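You will see chain A twice below: alongside chain B first, and alongside chain C after that.
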Partner chain A sequence: MAMLEVDDIHTYYGNIAALKGISLTVEEGECVTLIGSNGAGKSTTLRSISGLTPPRTGDIVFEGENITRTPPAAIVRLGISQSPEGRRCFPRMTVRENLDMGAYLRRDDGIAGDVERVFGLFPRLQERERQKAGTMSGGEQQMLAIGRALMARPKLLLLDEPSMGIAPILVERIYETIAEINRQGTTILLVEQNANYALAVSQRAYVLETGTVALSDSSAALRTNPDVQKAYLGG
Partner chain B sequence: MTGDAAAPRRAPAPVRGPRTRPRAPKLPRRARVGLAAAALLGGAILPLFLASGGGLIEDATLALAYVVMALGLNIIVGFAGLLDLGYVAFFAIGAYTMGYFGSLFHINVNGGEGIHVLVSGVAAELPGIHLNFLLIVVLAIIATTIAGMLIGLPTLRLRGDYIAIVTLAFGEIVGRIAINGDEITGFGTKLTNGRQGITPVDKIDLPFLDPFTALNLRPWYWVAFVMVLLVLFVNFRLRDSRLGRAWIALREDEVAAVSMGVPAVKTKLLAYGTGAAFGGISGAFLGSYLNTVNADQFQFSFSIFILAMVILGGLGSIWGVVVGAIALSFINNYLIPDVLNNVPARIGLDFDLTQLSFGIFGFLLVIMMVLRPEGLIPERRRQLELQEGIEDLAVDGDDVQPAVRP
Partner chain C sequence: MASASLTGARAAAPARVVRAFLDKYGLICLLLVMPVAFGIHDLRTEGDLSRLGNNLLDGLSNGSIWALVAIGYTLVYGIVELINFAHGDVFMIGSFTAAGFFGTIGLTAATGVPGLIAGLLLTLLVAMLASGSLNLMIERVAYRPLRGAPRLAPLVAAVGFSFILQNVGLLWRGGSQQGIVDLINSQKELVMIAGVSVTHGDTLAIAVTIPLVLAMTLFISRTRLGKAMRATAQDPDAARLMGINVDTTISATFLIGGMLAGAAGLTYALYQTTVWYFQGFTAGLIAFTAAVMGGIGNIRGAVLGGLIIGVIQQISDNRIGSQWTPAIVFAFLVLIMVFKPSGLLGEETREAG
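Right, the complex of A and B next:
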């Protein structure tokens, strides 16, 4: 059985349907990506999984447990954590305080070790440990947002547009690290407009269009798909 | 999902030029601990230097009661960032708890015999319900915590100004009920005594001590002082706790905080509940100290008065709020009525300065906002918030500008 099974979810903002029957699966150890244009429902899918905007109908099952109506805190506790769209670091907390917030629900004594792990993945964060997050560049804040999500020690990591608004050189560095996180065993569900990077790092992909899944395949196959190339890869 | 969302949620404020001052230097830790200890010691022995019968000690005791309220409101507004304009409701509920369980109000209860629990002196002989002051404080805490959470519930889905509107309405509702409660009857008793007030109210009666009197105010002062100490302790513990961090996180970015697993509902309700409880403690004390529980005490202006203390001292800053509360309380209860009241008359104007009290507070706040918007003793994070423009420029040695658009 897949680690995460999303079955025909419909999610609304008020009366507006953002998702009109999305189904997808994520196997343990995979890196799966959702690509698509503005308003396709990529972020809403992640927000539905993490409980921020629960779907009106449909089911989300994580490791055999139905989490469709589970509150966000309990979902984090089950092992899903999210690096939200737009980074959303706590601007007036230091880098270290942000990371500690990521471990908010944990009471074990492995937190210091996980901070070291995050610093190993993003050495730049260590240099800026005592700096206020709001004073850092967009790329550094993205690193912090990913690091903060890792501090929950997730089994499934949700990443929402990690390349958004970031200088290309830093995007590359961030994507190398995402690949590394996946290699170290964390399952990843990635949402991205920048399909080039997303298809390079992931094993499978779903193409979303106006709240439905238009296409799904292995990332390698999608990269050579002429329609995808035309619509999303600038080919 | 637009590229625009890449910009920080609040665009950095433009630099304000020469008007912005550098951040106040931070005193070394030892100096701060020393200052705090000196202030507490000074506060503890102050009554020995004042006449015990009234005047300054009366104002000082009142000021301490206001410190307790301001510290309570500071948890809601300063820590959790929920603008509460109806704090007077908790004063009212605390005071009425005192009035219900420590006065002649329920005069027919128990066939006119009264109910007495752990009280001595005159109160033990009178009809009505008379509980020990400490029990009443516990009841006041329970009542205001529940009320605080009830008012919190409808505001959970709201933000910013809308929270202010709902809480304002709640304060008004409680105030109106207090005024008109003398018309509401049930179980053989009225709900409140309206504008006549419940009076007299039992004096504080503590174990091993004689019942307090209106002639010697020193014990009252010390009780208020102990309340302040307890509330200060709780404030510091809360600020540095997991809950304190959760409040800051919710204030800074609610979505991110929820994503980290902060339970927003529980965390906000705890802020309302604890903040309200402090108002209840102080309200019960004031009911006894002022010897009346009177509907005219519970007006909207009181909420603003306490909020002004918090803002004057520095939102979120514990010591700042203590200083702000003492300062405004002395201006209101001593400086304006006792010292400066005749100034307009002396220069040939036909009014008392007390009539201008709220105008003076408003003026003080405006001056503060211009000269020192972060408050008398600013909280570190809030100060950053108000001086963000400069901080953003202070980034050095970076290969990317903050928030480049794609």
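Right, the complex of A and C next:
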């Protein structure tokens, strides 16, 4: 059985359907990516999984437990954390405070060790430990958002557009780190408009179009698919 | 060409200097105008500053009551971006509860000092709990169901709840100002320091406010719930993704704001020795002004705003005439807003950041 099973979810903003029947699975240890253009429903899919905008119909099952109507806090506790679109760091908290917020639900004594782990992955954050997040560059904030999501010690990490608005040199660094996080054993569901990077780092991918799954295949196969190349890879 | 632009630059230089000076020190100059002017006046006519000193002390002790109420406005605005117009009336109910509770537990002006202090601490607790739970209830009943609604809906609900509470007050203690027992002998002088008379009332106001503000600041910066409050104020959706229960956090914010209003209610009742169903409206207006003046959403700003308004009121009451006081307070508010639209210690709000 897959770690995460999303079955035919329909999610609405008011009366507007953002997802019109999305189904996907993520196996333990995988890195899976959702690609697609603006408005395809990529972020809404992640918001639905995290419980921020629960789907109106359909089911989301995580490790055998139905979490379709579970509140966000309980979903974090089950082991799903998200680095949201636009980073959403707490601007008037320091880097360290932001990381501590990521561990908000934890009461074990491994938190300090996990801060060290995040600093190991993103040395830049250690240099800025006492700096307010709102004063940092977009790339640094993205590192912080990913680090903060890792602080929950997730089994499944949801990453929404980690390359958005970031200098290309930093995008490369961030993607190397995402691959490293996956190698260390965290399952990842990645949403990205920058399909080049996303298909390079992931094993499987789904192509979303206007709220439905248009195509799904291994990332390697999608990279050579002429339609995908034309639409998403600038080929 | 070149020389013309050079002289232009030279002519503009003094204007720029003045501008930079005003940007940096304009606010401070503005706030110092009254104390300095009356200080000079005192020195010339009376030879010392004791009258101004008394004004400042009375202003600070009055202002500390406004500060406690203003924190409630600013906390709630910071977290749900709603002006809780019922907050002043929550303060009034706190005052009424305190005034009623004195009688119930048998405190009189003749009670000895140890008994009085114990009784007042108990009353403080009761007033804080009453106002805190009332504020909590208002949030649950009137604001939470409207969380997804357009901004105007909870605002109107807040105004409505303010009217409801005023009428509760009217039924409870009637429509006229009611004198209550002067338990602490409020106007009696405790000590005289350099010509400044420190009364029992001043001491009480400051002794209640300082520990509460410190405790609350520590609570918000150190505790788990306090951090959750800050996170929710800065980004509610991100807070949810951290596993914070945003509804609980908002409830806690209303509870804390209400508790501070209850403490202010007790202090007000003892300080003024009268209570009135309409006191919440006027106090609410002043405290709201204080919160805006200090920068709404900013706790230190609310305290600063409360103290500044207290001092402005006292100087104006004593020197200019109490009929001018509201006009002077709001004139200062307008001037401060002109210099710094976000308030004295204002920071960017959620939308701007």
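We adopt the following convention: the second predicted complex is superposed on the first by the 235 of 235 C-alpha atoms of A that agree within 3 Å, B and C clash if a C-alpha of one lies under 4 Å from a C-alpha of the other, contacts with A are read in each partner's own complex, and residues count from 1 in each chain.
Keep this in mind: contacts are C-beta pairs under 8 Å (C-beta built on N, C-alpha and C of every residue); 3 or more make two chains touch, one makes a residue touch a chain.
Please read all numbers here as calculations on a predicted model, not as lab measurements.
After alignment on the shared chain A, the placement of chain B and chain C results in a clash.
Within the superposed three-chain model, A:Ser81 lies in touch with chain B and with chain C [touch as defined at top].
Touch criterion not met for A:Gly120: it reaches neither chain B nor chain C.
Which of chain B and chain C touches more residues of chain A: that partner is B. Look at A:Ser137: by the touch rule set out above, it reaches chain B but stays clear of chain C. Of the two partner chains placed around the shared chain by superposition, chain B and chain C are both touched by A:Gly102. In the superposition on chain A, A:Gly110 makes contact with neither chain B nor chain C. Applying the stated contact rule after C-alpha superposition, one finds that A:Leu170 touches chain B and leaves chain C untouched. Of the two partner chains placed by superposition, only chain B is touched by A:Lys42; chain C is not.
Applying the stated touch rule to the two superposed structures, the overlap between the chain B and chain C interfaces on chain A comprises residues 50, 52, 71-73, 76-77, 81-82, 84, 88-93, 97, 100-102, 104-105, 134, 148-149, 152. The touching residues of chain C, when paired with chain A in their complex, are 224, 227-228, 230-231, 234-235, 237-245, 347, 353. Those residues of chain B lying in contact with chain A across their complex are 1-3, 5-9, 242, 245-246, 248-249, 252-253, 255-263, 381, 384-385, 388, 391-392, 394-395, 398-406. Of all the residues in chain A, the ones that touch chain B in their complex are 38-39, 42-43, 50, 52, 71-73, 76-77, 81-82, 84-86, 88-93, 97, 100-102, 104-105, 132, 134-140, 148-149, 152, 161, 164-167, 169-170, 193.
The touching residues of chain A, when paired with chain C in their complex, are 50-52, 71-73, 76-77, 81-82, 84, 88-93, 97, 100-102, 104-105, 134, 148-149, 152.
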